[in-house]
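Shown below is the structure under consideration.
We call the chains A, B and C, going by the order they appear; numbering starts again at 1 in every chain.
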Amino acid sequence: MNSLASNVLRCSMRVSLPHGKQAVAYMSKSITDNVSIRKRKTISKAMRSYIDRVKQFEEGTVQAKEEYETGRRFLANIMGEDPATFSAEDVNRAIEYLLPSGLFEKTARPEMLPPVEYKQSAKFDNTGRPFHFLFYTGFPHTYELQHETVKRINKADALLDLIHKKGHTPEKEHQMDLVSTEWKNKKEIQETINECMKDSHFERTMETLESLARHPMSASFSSFLTNYRKPVIKQVAEMKLPSIQLDADGRSFVEATRRRKHAVATVVIRTSGTGKITINGEHDILYFKDVQAREQILYPLQFTGMLEKVDLDITVEGNGSSAQAGAARYATAVALTPLVNEDKRNEMQIAGLLNYDRREAERKKTGKRGARRSYTWLKR
Amino acid sequence: MALRILHNELFSHHVGVMQRLLSSERVLSSAARTAAALDTSNPDGGEASNKKTAQPKIVASFRTQESNPTKHKESHLSRYYTVPGDISKTLFQYGGLPKAYEKLCHIFTETAIMVRKPYLEVTNCIESVDFSKPAVRIVLYGKPGHGKSMTLAHVVHYGYSAGFMLVHVPWVNTFMRRCKDASPSESKPGMMDVPIDAAAWLVQFRTQNQHLLKTLNLKTSKPYQYGPRDIIEQGEPIDALIEFGIGRAKYACDVVEALLREIKGFSNSGLVKTMVVIDGFNGLFAPNLKTQRRKILEAKCTLALPFLEITQFDWCNGVVILSVDQLAHHDMFKAESNLPLYLLGKEGWEHIDPFIPIMVDKYDTAEMNSSLDFYIDRRWIQHPGGQTEAGRAELRSLCAGNGFELMNLCAPL
Amino acid sequence: MSLLSFPKMPLKGFKPVRVQLVFNHVARLASSKSYDPKSHDESEFRQLEIRPVRRDRKTSSKARMMMPRDYKRTNNIDPDKADWKSIWPGPRSFDPNSIPIPVRQGRLKPYRRAFDKYANMELMKIPSFFHIPPTTIKAQCEAIKSFCTPFPNQLNSKEKCEEHFPLTVITNDYLHSAPTIRDPLARIVTIKLKLKNIPLDEHARDKFMRLVRDRYDDKTDTLTIVTDRCPLRKQNYDYAQYLLTACFFESWTVEDWESEKTEADMEKYIWENNISAKALASIVKWSPDKLGKSIFHDTLPADELKPEHLVLGAAVKKVIEGETEEGIEEYKKAAMEVLLSKKAVGLKA
């Protein structure tokens, strides 16, 4: 035997055989023993590479966990803190301290994230036979869902036929209640069926589900359908209202700060007032030379009928009068919400008083004088 | 932009406009509603109609029948009185009321002025003045649109009714910032004359004081010579001096100076008591002169000097009521404050110190309601929404007590 | 001898997929017999070597240690007990093999995972502060403490510190992640001093404030001098001291031309000297024969000044120093008292 081989302490190798098959060769510690090659059942190359990849991945996950844990304990050590209570936020804080980056884009900064847990079970057994009957479609869960839905549609049709045979018409209770719930969006469906979907798949699936839901006999399949529906959140009822506070004089007041474009307005509404409006401490509503701007501020008060009943204290800055007035209007409306009843709040919501106006100045583009305006066309 | 609350009623407004105009039903404030039913107020001359009708009249709550300003007391506060037509013509023909309000008076066919607290303060001061002591200076100040000029107009009427000789400059910037014509002065080298404006002012003076000039025989105290053949002898009636100034505009500025010195002398000797009323007094201290064609002349105006002289305290039997206005400042857009010291500057302050400053504050709710009632009564607010309580509340909130702003807001309604 | 050659393996077409072998020894080359001139036999024919063959090749006594590819310093660092300040004593660029944290930076697409730390240019570019984490700073401070004296415990409040040490000198030092302590901003020296701590009479105080202008803050009574015109901190500090001394002595000196101070130069308003008092006096002393002479009288002597005159004077001073609506209201009341006859007093203002 060659002298080199005699110095090898431990080694395990995978050996590739001709005709694309592989065998596992194990070498024992002492090379003087006979090299035994145990030939297992022949596994296809694809299978083999899959198993390798899975193994690599698992080893990688384990390694990543270990690395993260080591890193965490190390950071706790050098930051002088207790490793037992050193959480992920503390890790981020330490990274920011040790590797400060002024990059504007936060996703471009250094980061140390805990390893993500992937729950992926094997899709086929060790012979290569897939578990799911639709595996080879590439989107098994999507198509399965469509199949299940169609099965239930057929069942529903059968139920409907039964009723028709007796000469009755389906009752209202036989159809599922669709008012309090709505369909999940693509992301949520993907999460439910644990598979990525194409847009076309999503549309098709939703059409199928919709036709089941709309079926007059859909009530018996409501448990199936509720998996793919979510309750409609009443935004207004769950709206977070600003708190009513008491000031030194015993008057209650509400404070709210809102924006419009780059203008920021802070509005303090004091109850039991006479309609006095103060802007930036020293001006009255005539701070706004524009009548429209003044109207904007008064509109929420008019809408809720509080026009000359509360005092307003507005601090506003940034942008121009229109943006300032819009910000003040939004802030006033929000500050009024705890002072009115729920019906009025709903009305305000419908009127659009409680919505943030996302419109912003459009950026100037090259080759144009503004955002849209081109340069003057010259013939020569 | 139409008022938000009135959007819903826009269509109904258009349809029913003629109906509403023709109907005698007008929506007034609740207090006036009952009175309105029996209201037969005659716009011209309340006193006259008083004598005509035998039955007792019930007057709208925003009005008062007392048209003699000397009799206006606290009970008349926040109510409109009507200036009798002939007096209005005499006093305000050449200015005195704010231009926009003058147009409204023409439309309403009456000159109505609201009795407000600053006016009562001024008249109280005037009544407390010891006329044997030097002339007392009173200065009105406040934000533009709160009613300084209207108060001064009221005070002019008071002076007229009380028998004062009126030296009334309705708006200083007429000749300081928009003079019709400027020529270098002969008597005061380095300064500019404003002949046409001075002559116009003399016409106004004559009109306002013609009743006094007729009854009192005022004579010049010394001769005035303006040219080889333009001589006013000593002892000539003062009317001659005024006529000369009107006729020969070239010497009008000098005539104004002479006239005001004569009047000072007359008051001092007790022949007549004088009331000097100048609106926008701080404009007299401008360092330059601006013509109507927007040309700035770097020289002082001679017409400012006589008015500065007569506002000094060195004469008795007179009272001086001035107003300082942000809009009269020579750089109107940069004036930050409405307070007297800022607007007058060092020179102006030292000229009239010590004086009594009176603030003309914004309209309070009662006064705003009164204004709105008046506009509704005069059919100025025709929009039905503007006549409802909610619409009125909106108007009150929008104008924030500024009378001028309120007037402008009601114009398109 | 290459790592991967196995000349006598029985299997054909052999391709090892992944080999991890640890070599501890290097096999010796089988060498041919070397030509040793001393042991040369005279009878043997001496060979001419056209290309000389290297003999006496020095075999390295030390086994040449080759760092294995997978060697990482981090494997030898115990995360819990490592004495980091000994491992990483000075500022250094980020070294992925020595710092046992799986930090990542930079991505091709926003939703992809960031690139790892090995051969990561971005991580090397970033200033790294592994040489001064909190534990190291603490240890260094502890070490320096032995060279410091304790802070005197009688100076236990801010007021006492200011009382005994009224002059505050402020300088900044700058730290970089590179091994340099030089920074051009470190030369700037700021001196703060409260004027109540230096003896100034009224004239000196006024002159001092005119000399230093807006370096003096009225509200906190603090003089702040910032010097940066010299290249060294010491020079700037000396210059600041010089400025302070010069201003102080200048303000105590009274020049000849100071007597020409006009009203426009006055820093505060004295009513008695002013035209306002003269106007009031003229009004009080006026009679109808003085028509046309406006301000003819000097200020009233003290015995003729009535209380309402003084109130008016105070109100005027207040207005001129800072005009507010309240000030004007006060002035109004005072003026009404003086100008109007007794009937006016009963009016509500």
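In this text, contacts are C-beta pairs under 8 Å (C-beta built on N, C-alpha and C of every residue); 3 or more make two chains touch, one makes a residue touch a chain.
Since we're looking at a predicted model, the values are computed, not measured.
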(request) For this assembly, give the contact graph shape among line, ring, star, complete and other. (result) complete
(request) Pick the chain whose C-alpha centre of mass, unweighted, sits closest to the average of all protein C-alpha coordinates shown. (result) C
(request) Going by C-alpha centroids, which chain is farthest from subunit B? Tell me that one. (result) A
(request) Report the inter-chain centroid distance for subunit A and subunit C in whole angstrom, where each centroid is the mean of the CA atoms. (result) 42
(message) Can you work out the whole-Å distance between the CA centroids of subunit B and subunit C?
(response) 63
(request) Indicate the whole-number Å distance between the mean C-alpha point of subunit A and the mean C-alpha point of subunit B. (result) 68
(request) Would you pull the subunit A residues touching subunit C in the complex into a rising list? (result) 1-5, 7-9, 11, 13-18, 64, 67-68, 70-71, 73-75, 77-80, 83, 94-95, 97-101, 107-113
(message) Touching residues of subunit B toward subunit A in the complex: what are they?
(response) 1, 3-5, 362, 365, 390, 393-394, 396-402, 405, 409
(message) With touch defined as at the start, can you tell me which subunit B residues reach subunit C in the complex?
(response) 121, 124-125, 127-130, 132-134, 136, 141, 261, 264-265, 268-269, 312-316, 337, 339-342, 349-350, 353-359
(message) Show me the residue ranges of subunit A that touch subunit B in the complex, using the header's touch definition.
(response) 274-275, 277, 284-286, 291-292, 294-295, 298-299, 301-302, 307-308
(message) Taking the touch rule as given, give the residues of subunit C at its contact with subunit A in the complex, in rising order.
(response) 1, 6-8, 11-25, 27, 74, 77, 79-82, 84, 94, 100-107, 110, 114, 122-123, 126-130, 133-136, 138
